[in-house]
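One structure coming up, written as structure tokens, with questions to follow.
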Amino acid sequence: MSWLVVCPILIPLVGAASTALLRGSLPAQRIVTIATMALLTAACAALLWRVNQGGVVALQLSNWEAPFGITLAADHLSALLALAAAVVGLCIAVFAPADLEREREAGGFHPVFNALLVGVGGAFVTGDLFNMYVWFEVMLISSFVLLSLGGTREQTDGALKYAGINLVATVLLLLAVALLYALTGTLNMADLSIRLKDVENQGMVSTVAVLFIIAFGIKAALFPLFFWLPAAYHTPATAVQAVLAGLLTKVGVYALLRSFTLLFTGDEGYTHGVLLGLAGFTMAAGALGALAMGDIRRVLGFQVVATIGLMVMGVALNTPLALAGCVFYLVHDMLLKTGLFLGAGVARRLSGGTALAGMGGLYAATPLLSLLMFALLASLAGFPPFSGFWGKLALVRAALEAEAWVMAGVALAMGLLTMWLVGRVWGEMFWKARPAGDAPGLASLPAAGRAALVGPVALLALATLAIGLWPAPLMEISARAAAELSDPAAYIQTVLGAREGGAQ
Amino acid sequence: MELVMAIASGVMVAIAVYLLLSRHLLRLLFGVILLSNAANLAIFTLGGLTEGEPPLIGPDAEILAAGTANSLPQALILTAIVIGFGLLAFALVLVYRGYTVFGTLDSDEIRAAEPVRGSGGEGAP
Amino acid sequence: MAGEIAQALAGLLVVGGAGFCLVAALGVVRLPDVLVRMHASSKAGTLGCGMILLAVAVLFQDVAVTARAVAGIAFLVISAPIAAHMIGRAAHQSGVRLWERTVVDEMPRDPGP
Amino acid sequence: MTGFLAGCLVAGFVLLGASFALTAVRLLRGPTISDRVVALDLFGVLAVAFIGLFALWAGHAVFLDAAIALALVAFFGTVAYARLIERRGDEDIPPADLESGENADGR
Amino acid sequence: MKPSLILATGARLLMSLMLLFSLFILWRGHNEPGGGFIGGLIAATAFALHAAAFGAGALRSLLRVDPRGIIAFGLSLAILSGVPALLQGLPYMTGLWGTFGALKLGTPVLFDIGVYFVVVGGVLTMICALLEEG
Amino acid sequence: MLTVVLLIFVLAALAPALHRLLPALSHWLLALPPALVCGWFALQVPGIGEAPLREAWVWAPQLGVTLSFWLDGLSLTFALLITGIGAFIVLYSGGYLHGHVHQGRFYLFILAFMGSMLGLVLADNLFSLFVFWELTSVTSFLLIGFNHEDGRARRSAVQALVVTSLGGLAMMAGFVLLGVAGGGFELSDIRASGADLRGHDLYLPILLLVLAGAFTKSAQVPFHFWLPNAMDAPTPVSAYLHSATMVKAGVYLLARLSPTLGGTPEWMWALTVAGGVTAVTGGLLALRATDLKRILAYTTLMALGTLTLLLGMGGDAAWQGFAIFLVAHSLYKGALFMGAGAVDHGTGTRDINELGGLWPRMRLTGAFMALAALSMAGLPPLVGFVGKELIYEAGLHGPMLALLAAFVANACMVAAAGLVFLKPFTGPATPAASHAHEGGPALWLGPAVLSVLGLVAGLAPGLLGSAFAGPTVAAVAGRPVEVDLHLWHGLTPALGLSVLTVALGAAAYLMADRTRAAIAGTIRASRVDMDAAYDRILAGMDRVAAAVTGQLQGGSLRRYQLTVFTAIAALLGLTLWLRGAVALPTEMGPLSPIGLLLAATMLTGAVATLLARTRLAAIVALSINGLGLALTFLVFGAPDVGITQLMVETLTTVVLVLVLRRLPAVGRLARPTRAQRWGDAAVAVAVGVTVTLVLLGALATPLPLDLSLYFGEHSYLGAHGRNVVNVILVDFRGFDTLGEVTVVAIACLGVYSLLRVVLAGRREGEDPR
Amino acid sequence: MSALLTHLLLALAWMAVNGSFSFTDLVVGLVLGLLVMSIASPFQAERGYAGRIWQGLGFLLWFLKELWVSSIKVARDILTPRLRARPGVIAVPLDAETDLEITMLACLVTLTPGTLSLDVSPDRKVLYIHAMFVDDPDAIRAEIKDGMEKRLLEVMR
């Protein structure tokens, strides 16, 4: 069953290649993409089930023993996030054809979208640091292309800023990986975990750790490295916004989570302290930025930043509860942000714009969308009974238990600002009468695409509600993931000790 | 030799950063190219420098002779070069697109996504 | 492996080739306008480079190496004039100023694109 | 390797080094794009020669492939430049854009 | 683009040589410097030279297939080269080797060929688009 | 109990559909289940003093969250009020909102609100309690903003949300600490460790955080301002919110935690001061207002203040007062609000200056409002009198200031009672009253039952005492307390105070206009207006947000890059320094002349790129750098990398050149200032230096070569290739290459797509400017 | 040159660069050559070639001599302080007709020091060359027409 671990990469990769081959037929591409995502979801679910049953799964690619070849490894964290990403992918695959202009969709959306999921899946399951760099780049180029596919003024500007900063991040990440190699002579993360402890100049290890904070921090949109995100995320088509918001930065958080539990544990006081400080500023900057914006897409963009801060706080606190909270929040946030951006996109279609001042009237016009968006927004604000509440509770509790008073305060203040924001946004988008006259209801959407547009939003809203009402299963998996992160011995042993079993 | 090359890549990094701080998008791209070159040189240097002995197994040998260059960093750099090329080519065309849309290469004049208005973006309601 | 004579020959070819390269470089620096400079680069450079590749063929005395060296030389010899033609034509057409001692210019300049 | 050959190779490196330097001067001075392209083309050819020389020095014929590859692509690069000059004219004649950008100071 | 008789003739001649050289580089890559990526770049350069001489349209009719199709084909080949191992119960991409007469072939070679086609297709896609545009 | 709570929520979810099916009957049908639930709770009354009920279900065990319920006297009292009054409210809203477009949604919200409130008072687990607590915030947000197209209603809704969330979040922190300090998150467990908690280091933070939650929810000064504004909600909401639910949540929490956290000087002072101030403020503000609902809202403040005050004082008398006044207030306030709504409904106004002489036209409503108002004024034989007597009884044993506050507040109540009943119903009929009419039974049934209950309880206080007050006081006190209530205690000092109270209140009512003017003048003079302060704080927050965001995310890529690189240099530099990482390599390969030549070549190219005056000069210079790098790779034993670099470098140039073909020379860019250039240079140098130091530090560490050795050993024998680098690329680490070609493929497809967009733009005659 | 010859040459070239001449290599070379030709389709014109080899060698020798002589001349001008060059762009009427003839001529002119082919006129009747030492344009025209072009056409036709 260990071949399951290659599925998060291989399935979308096959999807990318097939859709590229089928470039003449858009319907065929759509079917392939949806089938790919469905299959991916099933495979990731199977992988998670397998991990939950039998612990960490490792696969020695090309059948070379670790640490010489590339090892793929899935623990609870990897499998869970891969599954969440697959669900997001499935939602987008359904939503996108109804959302994108035909020309844009035919202009390469499908292969690139599939490739994006290749990168995401790869980053989640690889056990090799350089290989992770490669998947990050697959993600980066795919997101570049998706961002600029429409070619409008806004998109071009956003994509330029995105590129300007992320190209630097790419080089930094590469350099950071190479430095770790130079210090230890290996790239396998499990092996690195062991060898880094023996490096004589631990100061260098800390320095490289900080370089990783910067490199992954840019990807994750940490303060003061996040500028590309609010500059770019609001510009592309809804489907693209949603998939980027749902997946990209979360992979950055995953990378921080992995590297600061497995690799950089020798100088926690310093490295995790730096991370903690940055997380605090990120929360503040994101929450304030969201308040300062008058366009729902930009509001949500800054909210992506704010929640990144919250999650990274979990990484930095590095207690089992904090890690569990971080993992839980990651999954919640992937689903939620996708849903929010998709929902805002539907609202945009009805309102004819995204400037909050010009929106309104949706509460009267469309009870269904109102209900769904209310659930999503309330979850964003961390209100029960939605999933956001539990993540926030776990993280705040972890901060308080770790006696990180200031951070707990910042997190709570960010929560308050978000609640205010949500109240305001709700008032502007839904309650207020639309300045330009009554908003049309969902019936005004083209019949063919209506279900495809609303269905994913509904699914994600239901997901956040379901997790909120019944948090124990996800929390249990998160707790197990956190336990594995806190004590990576099993992970290391499975990766490095699989020399006999791996071939079978 | 490693010392010289490390310093050389440090200098290249500094120059690249200066270019990246420019408002001219082409200079920014040049900075990216130079930065990649610097990083690749740095990685190569970190792997140790061995003059003139490529990691090729001789026709009569079965394993690599001692004293040949470190092979792994080479493979990594090769991958990095190719990836960098892909990213750069796309970024370049993006800059071109920027020019066709905005008629300028001055990044400070390209403000469609984040319009200049007061101090805080477009302002909240 | 390689005989003394081959080594000596290769050495001479190397020095000669490098010398021609230097001449080409000097020409490119010293000569007055771009068309004149191209005389230096396209001939002396090709010649010098060719000689060095020939030295490789002479020294290694291996069919595969010789064949590749010869292929390289052949490629240089074909490509250098074409390259010179492309640049020269473009330069002339784009209106670079010719040296003041240029005697005659019988080639028409197209109006720019 | 005989001393003579070694000496010749050293001499070759020195001469080539000087050639690189001289070519670089033209490359940087221009003044026209065509001049730079001519210099760059020569730079490529010199690099081919350098690789040949290094193959002799290192005693590895494998470097020859690099020389051939370089010759191929350098030629293609030159053709591309020529196409650029054809289309855009020799841009360096009017003061172009980068100059006014950031570093014109003192030059 | 102003046509050039000299370049056109030279390109036709050199293209054959370059394609041959690219195959050689691809072939020898496993044992000497080279491989799919470099070989692909050389082949792409050869075609690009053709395009520079005759125009992108001529290159398209010469290739007969869309370069994007070449990318997809190459990528598929690279992916598929790892599948035989799966069928034998080995980890993905495990190299399988067989001897055919004097030829020793393995799935990694197939993989390298896939890389070759991706590079050829990719670079040509880009160059064609750049040459055609405007 | 879970069933009961779930029942209400399920009912809420079904409400819109039910209303759509049976619009005329829906309020009756929807009121029935809460009434039945109320009945069920009533059945629990007899045994509750001896055996509290507890239920628990697993919810989020990893976080210490159980869905546990605890029914004792305190929660039972609240549960009865919530479901009982709730049933009438549902019924009432059927009449009040009859025909409203969103009536179905209203039922959904109000029932969800009821369920949340019920959950809150029943919850035993701190976090379960918090969940329901927050749910009341969310549902009340929806209810207050029910008239959503009215900007004031939206503002009030957000205000209530923000203020209660502020406290709620603080409370969440407090709960976490409470659980940590108390060794568990079940209230029933924590109670046992009360003594330890009160001596714990975290006691004060816990107390302050929890109080923040309770005070905001229960609208204690200075967080009181949201409550009157919440009057923008439809009257049924106000009635419910003020009488039995939302605002009582804070008081409930204080009562619930009283045995755990209470009894300390901190507790006493915090609660008495906040409660006293709130009571007096509420009373005075009530006299200032002219809107019927606002007057009632401010009297609610008074009541909440008084309840807090009582909890702060502590002691059997105070707790008894608490228990009775709690019930009394709920009964009369529910009745008064519903009555006020009926008046509004019947006359179209709520301004007492426009109301008068309603009695002949609205006798039913008037009668019930009269009963309720008497109770509010604390006059016998109504339950309000019993409550007030107990308050004075407790106050006489407590601090003087507390007694004074209670006295002033109660006097205000007397006057307010006059304002809400006497003013509208007596005297000459106003124009607004002329067409007044009585509503249907849905509108008067609620006030009727509640006010009559108030009378019954007043006449037979013993019943109330043994059934509710005893168990309630026991829960608040944390021990059994004997409760013996009477309407008549004889001539006690408290009775004297009551007489004085009525006298003062009557005087204030008779001089209502002058009182109002005096109070308004005082408030103006004191310049304290928390509502305006709220606006200022929010506006300030907005300004801060705009300023910070404007600084950070101003839209200039250059600034972004500058920040990023400054951060890089600073973080790396500091780490190098603080962690003592700087190290210089001691052993190094020999200097190679060729290597030096190549380094010089690369640096020449780099410097020339920097100094280039034209873009082509820069590209050519970059080519030198790239070529130098390629030759470096070749020379130091990396032919594959070298060739690749050569090809890629050339191809990059070609792509650049092909793009530049289309890019005309661009006009001058604005020149950076000298300071900018020096700043850039400083950052660039800093980054360069730190990177160099990092590289040197890494070089100083010996590099284990086991991986490369393994590749060298297995390349030919295991993977059938002699070129180790190629074998790594296609076999050992072939997966990297798979990703790499994916990047190439996507990049090239992307270039194609993007150029097609450009082309399409050209065709459409897109103007670059 | 015939297509067959091209084919064989390509196969040979394959074996040569491959450095081994086994039967396998011949087959591989032929297959690859066929592939290359099917895409690249080089010269198809049928021409004889027997006996021309000697002529070609003679031409090569002559060319090398010319190369040497003029190289010295150019090198001297570069290496000596004073520049004696008197450059000019001269139009040379062409007798060469086919693509290959014109291209070969242009290449040879360029490879010969002192002269550089700049362009062929669109009607393929004139070759424009740049010469370093133009004392008399007509002399240079004659030199190329009677020397280089005549000898080349003899070999080619």
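As written, the chains take the letters A, B, C, D, E, F and G, and residue 1 is the first residue of each chain.
Keep this in mind: a contact is a pair of C-beta atoms (placed from the backbone, for glycine too) under 8 Å apart; a residue touches a chain by one contact, two chains touch by 3 or more.
All of these numbers come straight from a predicted model, not from anything done at the bench.
Participant: In contact with chain F and with chain G at once: which chains are those? Just list them.
Facilitator: Touching chain F as well as chain G, we find E.
Participant: Treat touching chains as neighbours and tell me the shortest step distance from chain A to chain D.
Facilitator: 2
Participant: Suppose chain A is absent; how do the other chains partition by contact?
Facilitator: one piece
Participant: Please identify the chain with the largest separation between its CA centroid and the CA centroid of chain G.
Facilitator: Centroid comparison gives F as the farthest chain from chain G.
Participant: Counting C-beta pairs in contact, does B-E beat B-F or the other way around?
Facilitator: The comparison resolves to B-F.
Participant: List the centre-to-centre spacing of chain B and chain C in whole Å, with centres computed as mean CA coordinates.
Facilitator: Whole-Å distance between the two chain centres: 32.
Participant: Rounded to the nearest whole Å, what is the centre-to-centre distance of chain A and chain E, using the mean of the C-alpha atoms as each centre?
Facilitator: One centre to the other, that is 36 Å.
Participant: Could you tell me the distance, in whole angstrom, between the mean C-alpha positions of chain D and chain E?
Facilitator: Going by mean C-alpha positions, chain D sits 27 Å from chain E.
Participant: I'd like the Å distance between the centres of chain C and chain D, where a centre is the mean of that chain's Cα atoms.
Facilitator: Going by mean C-alpha positions, chain C sits 12 Å from chain D.
Participant: Give me the residue numbers in chain G that touch at least two other chains, ranges are fine.
Facilitator: Correct list: 13, 17-18, 106-107, 117, 119.
Participant: Indicate the residues of chain B shared as contacts by at least two other chains.
Facilitator: Each of 20, 22-24, 26-28, 42, 46-47, 51-54, 56, 72, 76, 78-79, 82-84, 86-90, 93-95, 97, 101-102, 105, 107, 110-111, 113-114, 120-121, 123-124 in chain B touches at least two other chains.
Participant: Which chain F residues sit where two or more other chains touch them?
Facilitator: 542, 545-546, 549-550, 553, 555, 557, 561, 565, 594, 610, 615, 618, 635, 639-640, 643-644, 647-648, 650-651, 654-655, 658-659, 662, 666-667, 669, 672, 691, 695, 698-699, 703, 705, 707, 711, 722-723, 725, 729, 731-738, 740, 742-752, 754-758, 761-762
Participant: What chain pairs are in touch here?
Facilitator: A-B, A-E, A-F, B-D, B-E, B-F, C-D, C-E, C-G, D-E, D-F, E-F, E-G
Participant: In their shared complex, at which residues does chain E touch chain D?
Facilitator: Residue positions touching the partner: 1-2, 7, 14, 18, 21, 25, 32-34, 38, 41-42, 45-46, 48-49, 52-53.
Participant: Quick check on the complex: what are the chain E residues that touch chain A?
Facilitator: So the residues of chain E in touch with chain A come to 66, 68-69, 71-73, 75-76, 79, 85-86, 89-95.
Participant: Which chain A residues qualify as touching chain F in the complex?
Facilitator: 13, 16, 20, 61-62, 64, 67-70, 103, 107-108, 111-112, 115, 118-119, 122, 130-131, 134-135, 137-138, 141-142, 144-145, 148-151, 160-161, 164-165, 168, 172, 175, 179, 181-187, 195, 199-204, 206-208, 210-211, 213-214, 218, 224-225, 227-228, 230-231, 267, 270, 274, 284-285, 288-289, 291-293, 302, 321, 324, 363-364, 367, 378, 383-385, 389-390, 393-394, 396-397, 400-401, 408, 412, 415-417, 419-420, 423-424, 427, 430-433, 471-472, 475-476, 478-479
Participant: Using the touch rule from the top, collect the residues of chain E that touch chain G in their complex.
Facilitator: Chain E residues touching chain G: 4-6, 8-10, 12-13, 15-17, 19-21, 23-24, 27-28, 62-63, 101-103.
Participant: Given the complex with chain D, which residues does chain B contribute to the contact?
Facilitator: Those in contact with chain D are residues 22-24, 26-27, 51-54, 56, 105.
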